[in-house]
Structures are given as structure tokens and as C-alpha cells.
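Before anything else, here is the set of structures, which you'll find just below.
In the two assemblies presented below, chain A is common to both, partnered first by chain B and then by chain C.
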Partner chain A sequence: GPLSERPLMEVRLGELHTWISTCHVSPQGLLGAVQKAWSSYCDKYIHVRRGGPSGISMLLAGYCLLSYGWNYQHLRRHRWRKYH
Partner chain B sequence: VLHTTRPLHTTQQGLAPLPPLPEKGGEVRHGLIPEEFFQFLYPKTGVTGPYMLGTGLLLYFLSKEIYVINHETVAAACILTVIIYGIKKFGPEVAAFADKLNEEKMSGALAMKNEAIQALQTAIEKEKKEQWRVEGHSYLFDAKRNNIAMLLETNYRERLLMVYNEVKKRLDYQVAMQNLRRQKEQDHMIQWVEKNVVQSITPQQQQDSIAKCILDLKALSKSAQAAV
Partner chain C sequence: MNLTFFDQFSSPSLLGIPLILIAMTFPALLIPSPGNRWITSRLTTLQLWFFNLVTKQLMMPLDKKGHKWALILTSLMVFLLLTNLLGLLPYTFTPTTQLSMNLALAFPLWLATVLTGLRNQPSTSLGHLLPEGTPTPLIPALILIETTSLLIRPLALGVRLTANLTAGHLLIQLISTATTALFSTMPAISLLTLLILLLLTILEVAVAMIQAYVFVLLLSLYLQENI
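== the complex of A and B ==
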């Protein structure tokens, strides 16, 4: 389909630049994109008949990674070695 | 607050039944990484590609201490062990329990739906029966008309009889009156005649008649004695 209407997973790496430029970058656009992403994630992994632990565990893993990233500057001071 | 993540009634077919939920979710390997990632790397690196990538990344983070090992690492390891052990041991039971709950809900809803359909079917049949009954209405009305005609006839005849009786009573009264009058007149006349006759018998005539009777009796007794 046309470039602007394709979901992110089907955009090739070379076209990523043009795809980003076609997005509606505005608060409503961003909010809409976030909502769409969340609802597609839910539809794929959570609102199923026989789901498993993967639905929530991926969210928890993402949360762990995010919080590690936010605290990285503080954790950097507890390194075992100074030079790597 | 509406659960806005599932878009309901957003299309024109707002009242159509929703599509059923998919049976299984997206494939996820080791509970963390979606299968699409492995498929994405398969053409270029084969089956072991993502694992090599993971190992390489892990060693890189550890050696450059982008991931720092501290007390939290130990805690995370213990927690993960417990969680994975719990999931592997109790996973199927919990899944079966949840499936049972779902099944009960579904069967309840299905039962309601079937009951509603059944009730509507019986209603349809009853309606058809009523429509069939309507066809018999003509017979019913004929019978009713006959009944009414008979009632009217009976009533008419009763009234006729009443009229006849009343008229007869009046005529009988008149006849009785006439008879009574004649009777009274007769009696009165007889009495009057008797009274006058009795009055007209003078004492002289009475004595004469008594003497005549005595003479007659004597004559009779004589003839009777002769006969004995």
C-alpha cells in the first residue's frame, strides 16, 4: 500500500526516513499513535482465549529495561572496574 | 471509565455481533522475545543467529559494564528462578481453571440465547395456531348467529303466548261478568217471584189448601190401606 498508511513493521529500513516524515507529528497524532500501538499489542498478546505468561512478562521486561535506562547514570558509579 | 483499548461500535455495523477472540496469541519464544524477531533474522543468519546475537550482546554489556552486576542482579536471579519454577509447575492448572471459568460463562450465555430462541419458536408456533384458529371463525359466527336467531324466535313466541293469555284473561273476565250478571238477575227474579207468590197466598187460600191436602191424604191413605 501507500507508504504513509503502512504499519511500522512493514516499512523497510531505507524508507524509514520518508515514513517518519509522513507521520502527523502533533499531540493528537502522537496520542493516536500510542493508543493504536497499545491496542494492537493488546489484541495480539492479551485479548486471546489461551494466552500465556508472555503477554505480561514482555511488559515487565520492558519496564525493567526502561527503569535500568533511567537509573543508568546512578548505576554507573557502582562499576567494578574503572577502565574497560 | 470505558476500557478504550478495544474499539467497539466504531464501524457502521455497530450492532453486529463481535468477532470471536483469537484462539492463541502471537508466538513468543522463552516468554520474552516475539517469534517475528527470529523469523526476521532467519534468512540471513539461520536458526542460531538470534542466540548468537543475544550471547554477544550479553557479553558485550557485561565486559563493558554497561550492565553492572550488583545486589540487584542476585535478587533478580532468585526472583526469576522462583517465577519460572512457579509458572512451569502451576501453569497448566491455572490455565485449566481459567478455561473452565470461561466455559461456564460461555455456556451460560449460550443457554440464554438458546432459551430465547426456543421461546421465540414457541411464540411463532402459537401465532400460527392462532392464525389457523381464525379460519374457524366463520363457523363460530354461524353458530352464534343461529343461537341468536333461536333466542329471538323464542322470545317472540313467548311474547305471543303472553299476548294470547292476556287477551284470553280479559275476554274470560267479560264472559264471567256477563254470566254473573245473568245469574244475579235470575236469582233476584226467582226470589222476587217467590216472595210475591208467598205474599199473595192469603190466609184463606192457605186454609183451603191445607184442608184440600188433608182430604187428599185421607183419600190416599184409604187407597194405600186397600193396596196393603
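== the complex of A and C ==
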């Protein structure tokens, strides 16, 4: 179908900037997109009849990565600090 | 500027947004709401079983009036459990190492139990200040001691949680520093330290769960006295 109506997973990398320019950038739009992404993640990995540890593990791994990124300025200078 | 081992407990922030906000709200993502399905997913089933177990355990000694506290006590228990356990993952921040947060949790809840008691059954609540069967000359001293013990409870609740978690994280940091420092010179000693680190990590997981339970259990005990 036309570019603006395709979901994100079916957009090719080269068309990404065109796709971003066609979507509605507003607080409600952004919130709606986050809500949709979260519910599709839950439906795919968590609200399954025979789910495994993968759903929660991906969340925890993402949380660890986020915390690492948040602390990056502090962790960067770890080697050269005199007092840890 | 003298940076010490305690610098790891200052709240990190990026672009002015402190990490503690994310650390406090992330546990909510790990508890999916059951929705309107007849058969829930495995994760939801496990969580519902766990919440039922916790609520039953906490509410058993309380009579019907105390059951109003079920929601706040169970959610407090789950929150503390998740934040303590998440703090053991690498690079994460544990909000319960901050004394400010633990006192902010302990003080209002303790005060609520005391005020409930004073409002509904004032003589029984004040009667708790004097144990039965004390000899008459000891009564003034004992009342002072019991009042002090009552007033120190919120401090004890907050500081217990803070100190346990802070000490645990600090020990893990120290022993892991020792392990990596010793690895190049004496690998055998380094292996011994690694074994100690593994045992300590298991202890820390246990402490994280036990401290959450103790916090909520003591609050329910204070509630039992006063309800």
C-alpha cells in the first residue's frame, strides 16, 4: 500500500526518512504510538498461552542497557579514577 | 574532590532527568494487567498466584477492619521486592538505597497506623506503652522507654532497608574489585574471592526479598496493635 499507511516493520531502510515525515508528530500521536508498540510487544511475547522467559528477559536486558546509557558519562572515566 | 566508595549511591542523572524516576516506574512494566481473558498467560498466572499468597499471609492476623490495608500493603511489598531485585542487575540503580525514599515510605505508613489507633481505640493504644505485670516503681521509666521505642519505629524501618541494601551493594563492589585486582598476580586467591562473590550474590538475592518482606510485615504488626 502507500508509504504512510504501512506499519514500521514493513518499511525498508531507505524509505525510513520518508515514512517519518508522513506520520503525525504530536504528543497524542507519540503517546498513541508508544501505547500501540507496548501492547503489540505484550501480545507477542507475554500474553501467550505458553510463554517462556524471553518476554521478561528482553525487558530486563533493555532496562540494563538503558541504565548503562544513562550512566555512560560516569562509567566512561572509571579506569582513570583514583577513588572508586 | 574526594570520591569515595559511597559515590555509587548518588542518584545519577542524564540531561537533568534522574535515573531514579525510571528505576521507580520500571517495575510497573513487569506486572501485566490480567485483561479480560478467561485463561491468563503464564506470567499473569504466576503473578496472580503470588499476589494471592502475599495478601493471604499479610491479612490473616488482621480482622475485617484491617483488610482495608490489603491493597497498599501488597502493592508496597511487590514494589519493594521488584526494586530490590532489579537493583542486582548490572548497571542498574536501586532507589531503595536512598534513605530519603525509604523514610518517605516508612514514616507516613507508620504515622497512619499510630493515628488510626489513637483515633479508634485511644486507651488501648496508650495502654501498649506499659507491658502487663511491671512492678510499680518501674512504671515511669518503662513508659519513657516504650514511648521512645514507638517513636523510633519509622526511623528503624527506613534505616534497616537502606543499610541492608547499601551494605550489600557495597560488599559486592568491594569483593569484585578485589577479584579483578588479584587476577593478574595471584589467580588462585582470585578464584577464592570469586567463590565468595558468588555466595555473596546469592545472599544478596535473599536479602533483597527478605528485607521487602520484613518491612511490610512490621508495618502489618504495627497495624495489628492499633486497628
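Simple rule for what comes next: the second predicted complex is superposed on the first by the 79 of 84 C-alpha atoms of A that agree within 3 Å, B and C clash if a C-alpha of one lies under 4 Å from a C-alpha of the other, contacts with A are read in each partner's own complex, and residues count from 1 in each chain.
Keep this in mind: contacts are C-beta pairs under 8 Å (C-beta built on N, C-alpha and C of every residue); 3 or more make two chains touch, one makes a residue touch a chain.
The model shown is predicted, which means the values in this text are computed figures rather than measured ones.
Residue contacts after overlaying the shared chain place A:79 against chain B, while chain C stays out of touching range.
When both complexes are overlaid on chain A, the residue A:17 reaches neither chain B nor chain C. With both structures placed on the common chain, the touch criterion links A:66 to chain C but leaves chain B unconnected. Of the two partner chains placed by the overlay, only chain B lies in contact with A:58; chain C stays clear of it. After overlaying the two complexes on the shared chain, residue contacts for A:44 are found with chain B alone; chain C is out of touch. Comparing the two complexes, residues 42, 46-52, 55, 68, 75, 81, 84 of chain A contact chain B in one case and chain C in the other. Residue ranges of chain C in contact with chain A, taken from their complex: 2-5, 7, 12-14, 19, 22-23, 26, 29-30, 32, 35, 37, 39-44, 86, 89-93, 173, 177. On the chain A side of its complex with chain C, the touching residues are 42, 46-52, 55-56, 59-60, 63-64, 66-71, 73-75, 81-84.
Within the complex, the chain A residues that touch chain B are 9, 35, 38-39, 42-55, 57-58, 61, 68, 75-76, 78-81, 84. Chain contact summary for the complex, chain B toward chain A: residues 4-7, 21-26, 28, 31-32, 34, 36, 63-65, 67-70, 87, 91, 95, 99, 102.
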